[in-house]
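So, here's a batch of structures to check.
Heads up, the next two complexes both have chain A, just with different partners, chain B and then chain C.
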Partner chain A sequence: MSAPDAAGLDDATRAALAELLLSMADDELVLGYWDSEWTGIAPLLEEDVAFSSLAQDEIGHAQALYELLAGLTGEPADTIAYGREVGGYRQAALLDHARGDWAFSIARRFLYDTADAVRLDALAGSSYAPLAGLVTKMRREERYHLAHMHAWMVRLARGGDEPRRRLAAACELLWPDALTVLAPPTGERRLLDAGVLTGSFAACRQRWLEELAPLFEDLGLPFPFRRVDAGPGQPSPLEPTFPEPGPEGRTEHNDDFRWLWGELTSVYRSEPGATW
Partner chain B sequence: MPATAMAELERGVWDALAEVPDPEIPVVSVVDLGIVGTVEASPERIRVALLPTFVGCPALEVIRRSVAERLAGMAPRVEVEPTFVEPWTSDRITPEGRRRLRESGFAPPGPQPADEPAGRPLFPTIAMRPEARCPFCGSRDTMLENPFGPTLCRAIFWCNACRQPFEQFKAV
Partner chain C sequence: MSAGGPGTQAAAGGGPQEHLEVFEVFRQEKEGGPMVHGGNLLAPDGELAAHYARELYGRRQESVRLWVVPRSAIRDVDDPDLLQPPMDRSFKKPVGYSAGIKQKLAQARERAAGPEADGA
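Up next, the complex of A and B:
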């Protein structure tokens, strides 16, 4: 038995898959560009190398995801990546923020990497074989990112007053936007029914928060969630103590991203359709 | 075409591929790096699937072109395409590839950590002393300096015995 390929998906499922791939690719592309800004100015030489490498990994993941999308839509990957207006990008609000200071970059990356990891877990067994293979490969690379960011979270949280204060402030500010990474994708039901996605994003989010809760407690960092009673015999899920972010988390972008968009599309826009 | 002739054609393709160097570490061929996935050869068409070492490997297009150039003329149609359907792992590097890596100053990768199940812990730890033998003096008394190196596939180590930095091809 072979897994169904693109041709085996009905139109609605294919459209939902395309939207999911676009969101994931934009997440990785935008994060990769923010990472690349640390090249040359990171606080340590080793981190200059590390963030340059992280940037290359993420932009590489974005490229591979845009290629999968190109296989579904027929539009070239470069055009998808660079040929859209600001409003056409679908990265989560978490990725819109400029790099900020070092603690801010670490906090954002850690929140994103861990949310992305549970999302990748829900796709590694995808019935859409090209995606399952790519995700398996990405997971092996992301392992290094997760370990590195976890080490930095601990280092900053236990590194004295100033790093700890800056890290806590960044987490406080980023939590609401962090939830947008795992907001349920459009057409999620169809993706689940077709086995393209093997777990709902709501379940992904619970697992993510359950994993982060003890760490944030241990490090004494803000964790604005509380357990709500789901009825007798039911596990009590963690829900935010702040208002749940709305559906515009991937469609409305801020000034930081508008500036970045101008930078990252400038060469493409100077001569659209140029061949290299 | 009889099966033996087909097998011979295919062997010819593999032999030709064994002459294509990796652009970043030219002492190692693309075959010894394990990045040639499948080869299908018929008198009309040769298809080669390349398995990128890293998703964002910038050398991939260079490799694709040198493979296509080396095979040009062996069949009217030559197709070389990257694929992630079968993900590359550093375990695919052949013993000959590992020997050549060592000779050119790179520690070959240790065994690839097994793919974790979906419910894995989210914070893996990278051991400070993963398996890496100094390619210069052979000592196992080495330390990981940075899991990120000058290219995506390389990590930076330090040898406590001969006090030299060296690079390891990452275990992925």
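Up next, the complex of A and C:
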């Protein structure tokens, strides 16, 4: 089964596009589930409603991405979302951590939202029209998510000893896994050649880090990157001061996610194929 | 969210609530329509208040514009001497002019038409 929009793509490029869509959808789904755990226990009632609504938005984005994928593979979106074993999920390692404390949730979301923003920028002009259309809509929502998270990053960083300590610890812990969001996707060369993707993830990562560097410096938060000399006249890219994460960032999942998988698929598994 | 009229202290005593402020939210359902009071919320500052207002009064696309106003910026006027004075004020109501206006209009028409009708 093939969607007419994808008719122009050869099999290998379609497979790469499918893998990219699955990664993005899983990122949004898993983040949405973790963040929805704040419903009822967020620091104040208004934030509770707002954060829960943001979590719902992410699950909405995941749904739209699974629908696109369903158009490519012919498999129903619900089956893709909930019908896989743990090992079939492709979210980045950043999204594998359990909710943690409030500072942890904010730090994770901020790192994810900012990385996702540059990824969406590289897809807004995609030659795969259904994806370009969806990304344009998603970007409008993500702008507000990002502004909301930015507001919290600043408040926690400047909010006295404990909030600051907790936020810094979360950033320190999350940075290596944050890089997995923009690890080059499988078949990236083909996606670039076909114009499905309009910029490499390596370039996205540089833009993302360049954007974050002044903020992290301003807030005095951990930013474990250094500039490396790329030769005379060349801009010096930012490289991590820790070992580069391996390629298993989206394929190997931890116990936190195994627990969440049990939760988020429990209804689906109780009656596979049920319609609502 | 907080109940109570303007002037109610948002937060008393210790705890996180003492850093919060009440914001009143007005919403417009469609372009050109009136701004209608939607309710209020508690937030640490205007920036987060705007985010909360969006989620509380706009997440279902029910608003095209919000005004988020710190309650402290509202001048509360409810003095009965100003608003409900004891003296007769009926002459200030438009109805004071319209009462009997039909009758007066009919009389005026009669006066105006009278001599001309005779002469025709």
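The rule we apply is simple: the second predicted complex is superposed on the first by the 272 of 276 C-alpha atoms of A that agree within 3 Å, B and C clash if a C-alpha of one lies under 4 Å from a C-alpha of the other, contacts with A are read in each partner's own complex, and residues count from 1 in each chain.
Here, contacts are C-beta pairs under 8 Å (C-beta built on N, C-alpha and C of every residue); 3 or more make two chains touch, one makes a residue touch a chain.
Treat the numbers as computed from the prediction; the structure is a model and nothing was measured.
Because the two structures share chain A, they can be overlaid on it, and in that overlay chain B clashes with chain C.
Once the two complexes are laid over each other on the shared chain, residue contacts for A:Pro43 go to chain C alone; chain B is not touched. When the two complexes are overlaid, the chain among chain B and chain C that reaches more residues of chain A is B. Of the two partner chains placed by the overlay, neither chain B nor chain C lies in contact with A:Arg108. In the superposition on chain A, A:Arg205 makes contact with neither chain B nor chain C.
In the superposition on chain A, contact of A:Arg250 is made with neither chain B nor chain C.
Of the two partner chains placed by superposition, chain B and chain C are both touched by A:Ser53. In the overlay built on the shared chain, the residue A:Arg119 is in contact with neither chain B nor chain C. Contacts of A:Leu146 after superposition on the shared chain: chain B is touched, whereas chain C is not. Once the two complexes are overlaid on chain A, the chain A residues touched by chain B in the first and by chain C in the second are 46, 49-50, 53-54, 144, 147-148.
Of all residues in chain C, only 1, 16, 20, 41-44, 47-48, 51-52, 54-56, 59 touch chain A in the complex they form. For chain A in complex with chain C, the touching residues are 43-47, 49-50, 53-54, 144, 147-148, 151, 155.
Remark: chain A residues 46, 49-50, 52-54, 56-61, 63-64, 114, 117-118, 121-122, 124-125, 129-130, 133-134, 136-141, 143-144, 146-148, 150, 198-199, 207-208, 211-212, 215 touch chain B in the complex.
Interface of chain B with chain A (complex): residues 52, 54-58, 83-89, 112-113, 115-116, 118-126, 145-150, 152, 156, 170, 172.
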